[in-house]
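One structure coming up, written as structure tokens, with questions to follow.
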């Protein structure tokens, strides 16, 4: 593994289509032998949540409701129509034998892609470590993310 | 042309303002003598479609309706108001002698910017090669995109 | 300061959460001794506007109304609900001692982050130099942005 040839993907979006893109790129990078790190921040955290979570404060509870569901509950950035879009996308992806989001995530993990939750986002959104999937890598702040990025050939903000 | 000084732009957005930004950066990069590749995925494909297209399956037909129109039918990411935003933006750009999207695309092509459609997106959205403009470069997957990106100084996800 | 280790952030979004991310990364980069440049384009210009502005033409006036307010008037990209989302986010950020956007901007400026407005966007949206905060750096076009980016280890499009 070349020390300065990694791929870093900052995932802020919680939209299905953008998550599919993020995981597809991460898988391609890892398959090419690149050190691959994904840093999930804000809405992106949904991609590595177990499912629902509930914040402690009144606001945390509201965020929990607004951001409910895990990786199978995310909708596309366009044309969601209250869930119809998500369903339509899933059917089309299945029809064309494109891997679903949860499998993409599993493949990424199997290939050694590190899935880091962003510390500050977890705090603001009142998401605890136990709300995240067991495979989540250690949480990281901006400094740690930049170190990974400095070892990377490409850093994407999705 | 420096072999490791390219610019790669992954275009996932189909929003007018983001496409203007993407093509403007690509043109600037190509004008500076950089190897410039744009990879269009999902909604971004609209920027290199001929116009309407119709998928074969029921879902493909629905995607065709939802994503209808070519580069002249895209609206801004904000304040579209059912087309008024697009019209307003076009008038303002014309008033200020800013180049319209279709001309931007033409300039990019003339300067040697390669416009690659993403394979997987074409398949999922049931867009065929003949639905794309003739100037479209060969379709590419993640591996090919990463190779271009590894030769680049900057890789943007728009 | 390493000449080829900078960070360039193109900020097109005017969403609160994305601006928080952009400024947080910029601050982290500057704190790590990296040359850090932010280029604000389209909706991102709101982050360095003084407050309201009024374009001269009919369309410019409309843009002024649509894009009114400075950095304290931006809402999150999701769940804004006519301002409730913004308020909720601010309260949550305050409760968790996360720095507010205006302070983040001040910290970035204090650490030497350069805040460049994009020339073309200013023209299209009819925003004048005096509509921007005094700390704004000189405006730049794509060519100047790419030069900064060529000196950077990471270039993000937010």
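So that you can tell them apart, the chains are marked A, B and C in the order they are listed, and the count of residues begins at 1 in each.
Please note the rule applied: a contact is a pair of C-beta atoms (placed from the backbone, for glycine too) under 8 Å apart; a residue touches a chain by one contact, two chains touch by 3 or more.
Just so we're clear, the structure is a prediction, and the values are computed from it rather than from any experiment.
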Handout entry: Overall pattern in which the protein chains touch one another (line/ring/star/complete/other)
Key = complete
Handout entry: Relative orientation of copies chain A and chain B, as a Cα rotation angle in degrees, nearest 5
Key = 120
Problem - Distance between chain centroids, defined by C-alpha means - chain A, chain C (Å) - result: 24
Fill in the blank from the handout: Going by residue number, chain A touches two or more other chains at 155-157
Exercise for the section: Please give the residue numbers of chain A that touch chain C in the complex, ascending. Expected result: 8, 10, 12, 14, 41-43, 57, 59-60, 62-63, 66, 120, 123-126, 141-143, 145-146, 149-150, 152, 155-157
Problem - chain C partner contacts - residues on chain B that touch it in the complex - result: 5, 7, 17-18, 21, 24-25, 27-29, 31-32, 34, 77-79, 88-89, 91-93, 95-96, 98, 153-158
